[in-house]
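Please find the structures below.
Next come two complexes, and both contain chain A; in the first it sits with chain B, in the second with chain C.
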Partner chain A sequence: MLAYVLRRLLHTIPIILVGSFITFVMVSASGDPLGDLLAKQPPVSPAILAAERHRLRLDLPLLEQYWRWLTGIFRGDWGPSVTRVDIGHEIWPRLLVSVRLVVLAVLLALLLALVVGVISAVRQYSWVDYLFTSAGFLLLSMPAFWLAILLKQQAIDVNEATGSTLFYTVGDASIPPPTGFWPTVSDIAGHIVLPTIVLALTTFAPWSRFVRSSMVEVQQSDYVRLARAKGLPRRTVLVRHALRTALIPLTTVVAMDLAVLFSGAVITETVFQWRGMGSFLLSAVRDKDIYAVMAWLLLVSVIVVLFNLVADLLYAVLDRRIRLG
Partner chain B sequence: MAETTHPVPGGPGAQDSGDPVPVSRARLVVRRFLRHRLATVSLVLFVLLVLLAFVGGALWHYGYDTFTPDNSQPPSAAHPFGTDATGYDLFAQVLRGTQRSIEIALFVAAASGIFGSVWGAAAGLYGGRVDTLMMRVADLVLIFPAIAVAAVLANNVATGGQGWLLIGVVLAALTWPYVARLVRGLVLSLREREFIAAARTFGAGSWRIIFRHILPNAMGTIVVAVTIIVAVAILAETALSFIGFGVRAPDTSLGLLVSQNQSAVSTRPWLFYFPGLFIVVIALCVNFIGDGLRDAFDNTRSRSRT
Partner chain C sequence: MWEHSMGYRKHSRTLVGVLAAVLVVPACGGGAADGGGNTTNQVKAEANSANSGTAKQGGTITYVLERNILDWNPLGADIGVATQLVADAYDPAPFVTLPDLKTIELNSDLLVSAEQTSTSPQTLVYKINPKAVWNDGTPITSADFDYVWRASDPRVCPKCEAASTMGYDAITSLVGTDDGKTVTVTLSKPFGDWKALFGPILPAHVAKKLGDDGTPEGLAKSFNDGFRYKDSFPDWSGGPFMFKSWVTNQAATLVPNPRWYGKPTTLDSLVFRVITDTTQEVPALQNNEVQIINPDPQVDLLRNVQALSGVKYQLVEGLRKQMILPNMNNPAMQDVALRKALFTAADVQQTIAKTVGQFSEGAKPLRNRIYVPQQPGYKDNLGTLGTGDIAKAKSILSDAGYKVDGDKLVDPKGAPVPTLTMRYIQNNQILKTVCELFAANAKQLGVTVDVQTTDSIGATVTHQPGKDFDLFAMGWIGQTFVSTQYSQAFMTKGGLNFGGYSSAKVDELLTKALGATEESDVAGYLNGVDAQMTEDAYILPLYQVPDLLAYKADLVNVRANGTYFGPPYNAGQWGIGG
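And then the complex of A and B:
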């Protein structure tokens, strides 16, 4: 097992290295970070421009820029930012905010997928199944930003109708934050409700289809029929025998969708005006802030890769027939 | 000989064993597709929408960029979808946005379908080191959240003109690995079959085998995957335009319209609802068409859904 983990990690390193190099070249080619400074009226003095160029390492060859970024990472140096903020200082709290959202959304989506998938499989071709299928198709075709604005507006209407703030629709926490542990927790929880719902609703539909089809398949297998024949209650067979087997491949499906979830989080955070990874990425891209974009991509891709590894390990733990080699 | 008769899993006639006249596979697929009522309705609706956007957009008496003297008008006979604060006719803008979305989505589907199929087929057929390397490249693309890469790539896309094509290229560059993975898996199972061995015995080269023998047999799966990519591409393009890195003013797209009008949702709701509804309806149609095609191409599935 340990040897497998190490080998997988070793395989991953070149992927991340090549990926980071390609994105570095891509971001560098996407425009001049000094564009805004150059366009300023009255013109900025050449000395300041040169100093800025030097600070952003633009006077170095591309390969050297990349090398200094790469080696800097290991020393905790994320590189200079166009906006003069400390990238490392800025990104960690934002990562926490976004990961909180993604984790909660995954949990909610899993719950929805299980409930909807199992009910559809057990009541195959009944009206419930058709209802869930249609709802799944509708959510699959719904742009996350549209659903988010729609929900946000509903929440605002409810707030206005009741004359109190039942739903928070702006930001990831109140400004200034409340003091004390429990007030902080409830404040964050209040802000996270709507974005989590949006993200979960726009993600769970394919997962529930997956649960449905693997449940249908498992229910026709010999060992489930045997369990039934032994006289075990329907519910026990369903949960202990069928669902456990059907769940295993779902871990891989969820892990593979993680990168998509981070994309969805960017959109959702934008609508709810969070100070998370979403606005960090968008302003970094807009400012052509090379090192900020690189920091974002590196963190998210490492999370995606690690999560995929965990999913594969989990797969082996859950299904004894799989041997990692 | 192996060039003209492609052994098909299940084979024609295997389905309709009671049918005295052997039916061609294409006709069988069409017949089964038509039996999926929702998919058929969706296909008709989709074609109508395409016609409305491309033909209707040209005929409609307002252009998407013509100022009208009416500002912020609710839907009326003159402006079926109302107008915005600048006086643009929303119906004309929605039609223009639909054109853009459909153009981009079809381009993405075609490009990533063709490239992904060839890539996946080559990887599966060559096997070994080549396969490992080619699939690593495909995995590489999937690690990075598409929206970030797309935003970076599309950020310096010129406005107007050929801008939409570049967005299509960017989205295709991010979706082809899905097709490649799928086709590779199919090829791995197909290449062990007798007819491939037979073709090889007759001296067919690798590329000939890919194009003449493997891809025709993988067509069903590819068509379904490509249809799903059309839906994915429509949502991706609108999302990209929504965050400001897709289609930009003065051109317009459905995502851009939603983004521009999101603050008007309570005061002038038509500005927000119409473009959004168009996205949902288009994506829904495409998803249902994909579902119908899956059923139509799937030989193993029983007919219990009819």
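And then the complex of A and C:
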């Protein structure tokens, strides 16, 4: 197992290197990071422009820029930012914000997807199945930003009706923060509930469809029919035999989606003004901040690799026939 | 199976209908009151006194910033507007431009007086309020003025990254008397915009801690790095508020400065909150998470504001304006007759009707490149430019030897006029419409205008590779200190001369304007500049960009200020009505 993990990790190194180089070239070619500075009113002096160009390493050949970035990573130097922020100092809190936003939503989405998917499969073509199917497709086709805006408006209406602020629409906490334990808990909950619902609903919809189709397929397989024929209780057949196998394709989908979510739920973060990885990437692209984009890319690459690895390892747990080595 | 299918469809229809009703109906309730917009909560009053009132003690006001703050030095070269807005609350300047766009008022909290006592040599005398101190108790003195001068004068500190060096580079002496409470400044040549100097001041004693050891290197270190406060925030204040905290990308929290020496404040705290998505500002205002927003007005956004209860708003004309800039470096735009014809064919009134006129009834064609109608120097110098007079435009072209071959315009040498590239900043729907209307008018002259976007104004209009535009629809943030700004914009090889314009007469008039100390003389010279540019058909001004400020109805003394100072120009007086 350990050898398998190490081999997989080693395989990813050249992929990340090639990917990062291509991205570096593309981002470098996408525009002049000094563009906004050049348009300042009143104008900045040529000396300042030259200093800024030097600080951002734009006076070096492209290959040398890339090499200095790559070697700098190992020393904890993420490279100079157009906006002069310390990228290493900035990106970790952003990742934590995204994780905080995503974890609860993913747990909720997983729970919903399993319940809805299994019930739909077991009660195939019943009114419950139709209800869940319709709701699933409605959520699948609904743009996240639209759902978020509608939820916001509903929450504001609730606040106005009750005369107290139960739900908040921007940020992850009030400023200045409330004092006391319960007011703080209430404030955090009031900020997290809406983005969590949006993320959970938009994420759960496709997952529930995967669970349903897998469960339908597995229930018709020979070994499940054999288990039923042997007289095993319905719940045992469903949970221990059918669901366990049906979870394998879902594991792949969840692993991939999780990597995407941790790299930034861009729309949800934007609508609710959470400063996570998504808004970090948006700002970096807007500012043509080469090294910030590269930092995001590197972190996301590692996350994708890790989650893929976790998915592979989970296969072996879910299906004993799979052996990794 | 048939039954299943029928049932599926029936259930689906019902479900979709119910869900749609649940989701959509509340959203409609929060939308616009009517298609035309409800203006009953609009504040229409005298600009400098709108929404005046007496504030009760206490409360917090949250003001929305649309960009993060990366540099806290308000005099630094690469600050954004947000830095200035926050600086209004803690860093004093000798003069403040009031909302009427023309009154430059002495900051009577900071100064007892500031006068020009002589014009030859130009001498300025500032008398500082004897009670004025920084928040650590250090008196505000001539040393603070001296620090700003040294940091902004490239002769003293060539490495200091100051936003403006104009005027400072002419100072020959700065002397402090009366324990530093009187500052006498002498300049080697007259500087008409002298009220722009030392705005704002910086604490010299803090600068010492930040590296100013009297050497140019130390000065640059304190100014470029120290006052920038990377990953931190200023711990000093000479204004009504002082910093309590700053979380990057989130908010700055300020509390009353206990050593504030001016008119008393009433708020417990003032928060500047970063919300980078404009569309999220109105819901946040409605939900009382923020109390003041100052977004770029758009039809939908304004109607959403109008539909809110418990909210007042102002829609005023500010110093921002839109214009069309020709690129004189490109051969196609070097012929004055072609430029004049294109700008004559452009119908600015029609452009306004289809853009800002839809939500701002006060929007009207701007007929001067330098002044706005609220300023005393404003005068219509545009002649036929911007009138949409196609017949006149055609006669200009035929007089210059142009001919129309089919539907293409041919220049006097017989070559077809090439397709002109007109750009605007991407995602700006209003400027897109401006360009499309301009292109439609040009088409009537036989000129094809290809409308394209750019994602970087800086990269497009400055002397960079890829400066590929013939015409550019762009915004321009005007200032009350017009000589300084427009000398850089219109003088040959000026730093803001994005179109590559050059005129000996304009250079001469601008030089005179810079040296003039009487406002009427300045206006005379600058209107001469404007008239000459009409002759040369350089730049077509379009209109002033309306400035929208919306705030909770119980706030007092909050009012729109369409200048560089912005609404927080009087943040110390903001409060919650009694």
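In this text, the second predicted complex is superposed on the first by the 302 of 325 C-alpha atoms of A that agree within 3 Å, B and C clash if a C-alpha of one lies under 4 Å from a C-alpha of the other, contacts with A are read in each partner's own complex, and residues count from 1 in each chain.
Going forward, a contact is a pair of C-beta atoms (placed from the backbone, for glycine too) under 8 Å apart; a residue touches a chain by one contact, two chains touch by 3 or more.
From a predicted model like this one, the values you see are computed outputs, not experimental measurements.
Of the two partner chains placed by superposition, chain B and chain C are both touched by A:288.
Of the two partner chains placed by superposition, A:224 touches none, neither chain B nor chain C.
With both structures placed on the common chain, the touch criterion links A:270 to chain B and to chain C. Touch criterion met: A:138 reaches chain B and chain C at once.
When both complexes are overlaid on chain A, the residue A:104 reaches neither chain B nor chain C. More residues of chain A lie in touch with C than with the remaining chain of the pair chain B and chain C.
With both structures placed on the common chain, the touch criterion links A:125 to chain B and to chain C. Looking at the shared chain after the overlay, A:168 reaches chain C, while chain B stays out of its contact range.
Contact with chain C, but none with chain B, is seen for A:86 once the two complexes are overlaid on the shared chain. In the superposition on chain A, A:34 makes contact with chain C only, while chain B stays out of contact range. Residues 31, 125, 138, 149-150, 153, 156-157, 270-271, 288 of chain A touch chain B in one complex and chain C in the other.
Listing the residues of chain A that touch chain B in their complex gives 15-16, 18-19, 22-23, 26-27, 30-31, 125, 137-138, 140-146, 149-150, 153, 156-157, 256, 259-260, 262-263, 266-267, 270-271, 281-282, 285-286, 288, 293, 296-297, 300-301, 304-305.
On the side of chain B, the complex with chain A involves touching residues 136, 139-140, 142-149, 151-153, 155-156, 231, 235, 238-239, 242-245, 255, 258-259, 262, 265-266, 272, 276, 279-280, 283-284, 286-288, 291, 304-305. Of all the residues in chain A, the ones that touch chain C in their complex are 31-32, 34-45, 47-48, 51-52, 83-86, 89-90, 125, 127, 130-131, 133-135, 138, 147, 149-150, 152-157, 159, 165, 167-171, 174-176, 270-273, 275, 279, 283, 288. Chain contact summary for the complex, chain C toward chain A: residues 4, 7-8, 11-12, 15-16, 19, 23-24, 26-27, 29-30, 60, 62, 68, 70-71, 77-78, 154, 158-159, 161, 163-166, 228, 230-231, 244, 247-251, 253, 269, 271, 273-277, 279-280, 283-284, 286-290, 455-462, 464, 466, 477, 484-485, 488, 495-496, 498.
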